[in-house]
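Have a look at these structures, which come just after this line.
Consider the two complexes below, in which chain A is the common component and chain B and chain C are the respective partners.
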Partner chain A sequence: MTTQTQLLRFDPQAARRRASVTGWLVRAVFLLPVLALVLWVPHHSDDWTNDAVFAAIYAMVGLSMNVLVGYTGQISLGQQAFLGLGALTAANVVHTGYNAPDPFTFALGMVAAVGVAAGAALLLGAIALRIRGLYLALVTLVFGSVTADAVFTISSLNGHDAGVSAYRPTAFQSDYGYYLFALAMVAVCVYVDVCVRRSKVGRGLIALRDNELVASAFGINVLGYKLLGFVLSGAMAGLAGGVFAFWSQEFSDKDFTAAAGFNKALIFVVMVVVGGLGNRTGVIAAAAFFALVDPLLAGLAHHTGWLSFYTDHKQYISNLIGAGLLLQTVIFNPGGLGQVLRPFTRWFAGHPLSFHDEHGDAAAAALAGGSNVRA
Partner chain B sequence: MSVLEVRNLTIRFGGLTAIDDLSLRVDEWEIVGLMGPNGAGKTTAFNCITGFYKAGAGHVYYRGDDVTALPPHRKAALGIGRTFQNVGMVKSETVLENLLTAQHTKTGYGPLRALVGAGAVRRREKELAAHADVILELLGLTQFRDRPLGSLSYGTLKLLELGCALASDPDLLLLDEPSSGMGPEEAHELGDRLLALRHELGLTMLLIEHHVPLVAAVCDYVYVLNFGRLLAEGAPDDVRNHPEVVAAYLGGEAPEALAVTEEEAS
Partner chain C sequence: MHVVADSFSTQINLLTPLISGIANGAAYGLLGLGLVLLYKSNRIFNFAQGEFATVAAIVAYVFDRGTGWVPKVPYFLAILIGIVAAVLIAVATERLVIRPLFHRPRVVLVVATVGVALFLIGVEGLLPYPQTASLRTISDALNVQSYVGRVDGVVVLDQDVAKLIALAVLALGAFLFFRYTATGTAILAVSQDTTAARVVGISVERISMTTWAIAGLLGGVAGVLLAVPPAGSVTPGSITGLTLTVAFSAAVLGGMTSLPGAFVGGLLIGVIEAFANADNGFVPGLNSLPTAQAEVAVAVVLLVILLVRPRGLLGQEA
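Up next is the complex of A and B:
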């Protein structure tokens, strides 16, 4: 005990000390470029709005993966199925031909998208309850591809292979207007994530991720909370699917079946790991990056005269970038992008700027399995 | 009425009988020790009492109710707290977060209200944090409040684990080798602490313990297991000199073994 006390450098009072008024003003100034990037830049052109909406949709999927993989510690290689189910449900509920839906039908479509995806996630969760590791990965993989190939190809649900139209309500007719709606939906997901993390729900999920025996000794209903993790994750992905359907204004099964679907599932896993498991900011940043890397590279290639080369090899290049980032994260930076950003996010939250963050480092090490605490 | 009563408990793993017809009882305010050599089935008995293993035969009663078939989280909610042989906590979280997690059954709000971020949840969270601070103060661990578990020594972790078990206001506490990884001095301190806790919080305890002086200092009654069977029971001093107990610990025939210890003692 005495040696512990002597070694102690930590001052809890200092950690809880928040910034002064000037401090907050400085932070607000530094927040401006971020706001400009999120709100002003997408306004520049239709192409940029398009890219930004995809970034928002990916951010929602990232947050949904974060709940399941980051907090609950369950792997999902079939997350594209929830996204697709959300899109399919929203499009089929709203299905109004060539007319814009009224706000009520639109809202109903979004709610149904969330509900159906959450229901499917409950089903997957019930199957996945008592299996883990490699077998869980396989089950979710099969779930994803079976849902896509069996449900999405039902002819009466996908507009007889021609796609189901899903027009936007008049309020979100403009692309930028719809982008703001998508941002609001991201905000909803972030809010839920914050509520999860600051209550017994998040603590329960993290406890069962670390050690199911300890979690149940703490009185946590492990099976119930695991299901809750699946349902929350499915609901967020379903919401993203609804946003996706009204963005492309149609549901097409081609976006989610076969290679296109599997490619999405892989990117979703890679982005949550690269972003940092359990780290909200990191996951959102990584999701936006993976949504934007293709248009950004295409733009770069266009300006440097490599456009034809890039479009010919697009698939390889983006996969290579994903694989490279994944390896880099797993080997050198298990906390992911979130760990790198953590000093800044903590600073924005009012803490002093510090690059030595014991908790973050230790949590990252524990996630990577390098902790000396046994359980 | 006894707080905990185990009647004719039997657990088999395949052909191995880990616990054979074990009966024991723990009365209100008692500290009862469960001893025995390695592999005697002490932890198995714990796991069965707390619901991690299913009993092959026999019953577990908690304050007169048959709780044999309840899952672990339901037993924890009833007020049966436990610690693990190796530290059982959420290793990726801080000390404070562990103490909050440990109060899971006392939050008083449901998951749905938590998800919409109701004001009541935030108020309750503040109270939980305040209670966690009280526990830290009680155990003298306040200085570690915001530290990750990875940076703490094993002895501190064991103490914190006790704190986590206390955080949920248990009525019955099952401690699996609370003094492991502690030196004789720390173990002595732990004994005083357990007695103080019983006095202040009105706890009833069942503990697995190898450290004989600690058992002698705190336990009112001791059960000794060997190969899953109850070998002896009684007051700590009686059990310590019980020939079969000495034989079980040291091997060989009872009288010889006893002679050896007497030689050592003299």
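Up next is the complex of A and C:
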């Protein structure tokens, strides 16, 4: 038995081995800087709170893309539309003039944001996912520009072009307080992601991502599961939109124009790929990176005297960074940031620190060429 | 008397959108041709096609003006240099990005083309040239009247006629290329079964590079014809942002696998757009943006065609 497991270079005892009390203490000490970065630094200044909330919103969008791209193998180029739909719905539900909404209305706004985005995803997916291939990418691309130009511009929904105010409830009045709420929403998305991944649904999704024909031969309802993945993804993006609406305290169609939205959609695709498809930690880290790269570079440019050049070319510079990281990832490092971070995340989870991970990452393996799905 | 006057005005109202629709549709068709070519051969959607076009337009613009160390060359030579630049970019894309990913799932390739588009937009944005400029039109360069004539008072521009002719010639040429030449057949063979194609002696690498070079050529021609006034400019990402989405819908409508389909689909989508926009207040509440109705119409056409006839008007399984 022992020799056999050694032959397979897999030791179930080692896989199950967890850290001792001292080991956990060491990990706790190393966790402190991470916690400080997430909780203490944003508390320090208003600018950093602002950046941190954006990182949280991006993380939610990243997780929503992760469900779609990582688990179902489809891509959406219209995720910003679900974000906008969520923001629009939340703002219109709670719109109470100049007063902060009571907690019930606030919760209702959030739920409605999720519901409307999920409904839109259901409608779109029901049509686009019927067809073999990557037509979802096209349909979502068109959906993105249509919602930006034809839905967000409807004047009764965008406060007659002046924006619909969405004040925060008194409990989250302070910026930092609201940031903690945003973090909680990220935690909800992570929890949903974990539940999906561990359930029959997640296994079904991954099976059909790897090979649709084989999956359907095993009795997996291909359309139903893909649709479920797409709706979940839309719902998470809608939640992120709700969080965004209450952060900026209004919905304005100027935040979601077609041109800006298209660029956002591309960045969303980039961040989920760079993070590592199907890898939660990697996707969250990449999302935070793409949310923070602009303020960090602006700070750097300010100190080196390049600020005016940077502000003029901001979008192009972030495009170049995103594209460079994306191409580097797909060509040389299919596992993405998640694969790079994996030894450390496993260590934090109580496993011994090891850079030789026999289990590997299923998603990375599939993307590296294990799958022969023909679109 | 009244009846005659009425029918006369109705005629003009129908003709104006028809002519502007065909002019725009030629643009969608030109971009759509490259999209169809790469779908037919690689089964991917190439999101960098719009940027191949922009690269051609920018290079042609710089050589036409002759700024800095770039010599000023005659207009048509500048256009040619622009198209060659687009071909080179497409070939570089194939060699550096597509070929290393050849055996990966299609979704990875599509994501990679998104990366190439982002990369090209970034590079174009950092280039030192006036980024809201437009290329000269052909009639400007030849110093002739800018329109061929009027049909019932509606001006028909030279440039639009040139687009239409280029579209028809390229669509027909590409169709004949796939039907009658050995290389064209080889491209189709590789798209259907890479291994089998290799077994019968086709160089898959060479075919892949040829395909992308042709896609770059089609994109380049589109770019130098589209980035002219009144509608177009050589702004980074503008062709991707404004035209590519509709070009995809046009290609789907015509059939993603049919080159003449891109021609038909492009013109149809252009005309549908123009008619949807003809009466700006047709859908109450939607008129805050001039293009909103056209966009909704295109989206509806796309969804309906995908639901009812996913292979498009002229598409087939090949």
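The rule is simple: the second predicted complex is superposed on the first by the 355 of 375 C-alpha atoms of A that agree within 3 Å, B and C clash if a C-alpha of one lies under 4 Å from a C-alpha of the other, contacts with A are read in each partner's own complex, and residues count from 1 in each chain.
One rule holds for everything that comes next: a contact is a pair of C-beta atoms (placed from the backbone, for glycine too) under 8 Å apart; a residue touches a chain by one contact, two chains touch by 3 or more.
Since we're looking at a predicted model, the values are computed, not measured.
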Which superposed partner A:S308 touches (first chain B, second chain C, both, neither): neither
First (chain B), second (chain C), both or neither touched by A:G219: first
Chain B versus chain C as contact partner of A:I206, first or second or both or neither: first
Chain B versus chain C as contact partner of A:L228, first or second or both or neither: first
Which superposed partner A:L266 touches (first chain B, second chain C, both, neither): second
Contacts of A:N99 with chain B and chain C, given as first, second, both or neither: neither
Chain B and chain C contact sites that coincide on chain A, given as residue numbers: 366-367, 371, 373-375
Interface residues, chain C side, partner chain A - complex: 43-45, 47, 97, 100-101, 103-108, 110-112, 114-119, 121-126, 236-237, 240-241, 245, 248-249, 252, 285-286, 288-289, 291-293, 295-296, 298-299, 302-303, 306-307, 310
Residue ranges of chain B touching chain A (in the complex, touch as defined): 50-52, 71-73, 76-77, 81-82, 84, 86-94, 97, 100-102, 104-105, 107, 109, 111, 114-117, 121-122, 125, 142-153, 155-157, 164, 168, 186
Chain C-touching residues of chain A, taken from the complex the two chains share: 69, 73-75, 77, 127-128, 130-131, 133-135, 137-139, 141-143, 145-146, 149-150, 153-156, 161, 258-259, 262-263, 266, 269-270, 273, 313, 315-317, 319-320, 322-324, 326-327, 330-331, 334, 366-369, 371, 373-375
Complex contacts: residues of chain A adjacent to chain B: 1, 3-5, 8, 10, 12, 15, 191-192, 194-196, 198-201, 203-204, 206-207, 210-211, 213-222, 228, 232, 358-359, 361-363, 365-367, 371-375
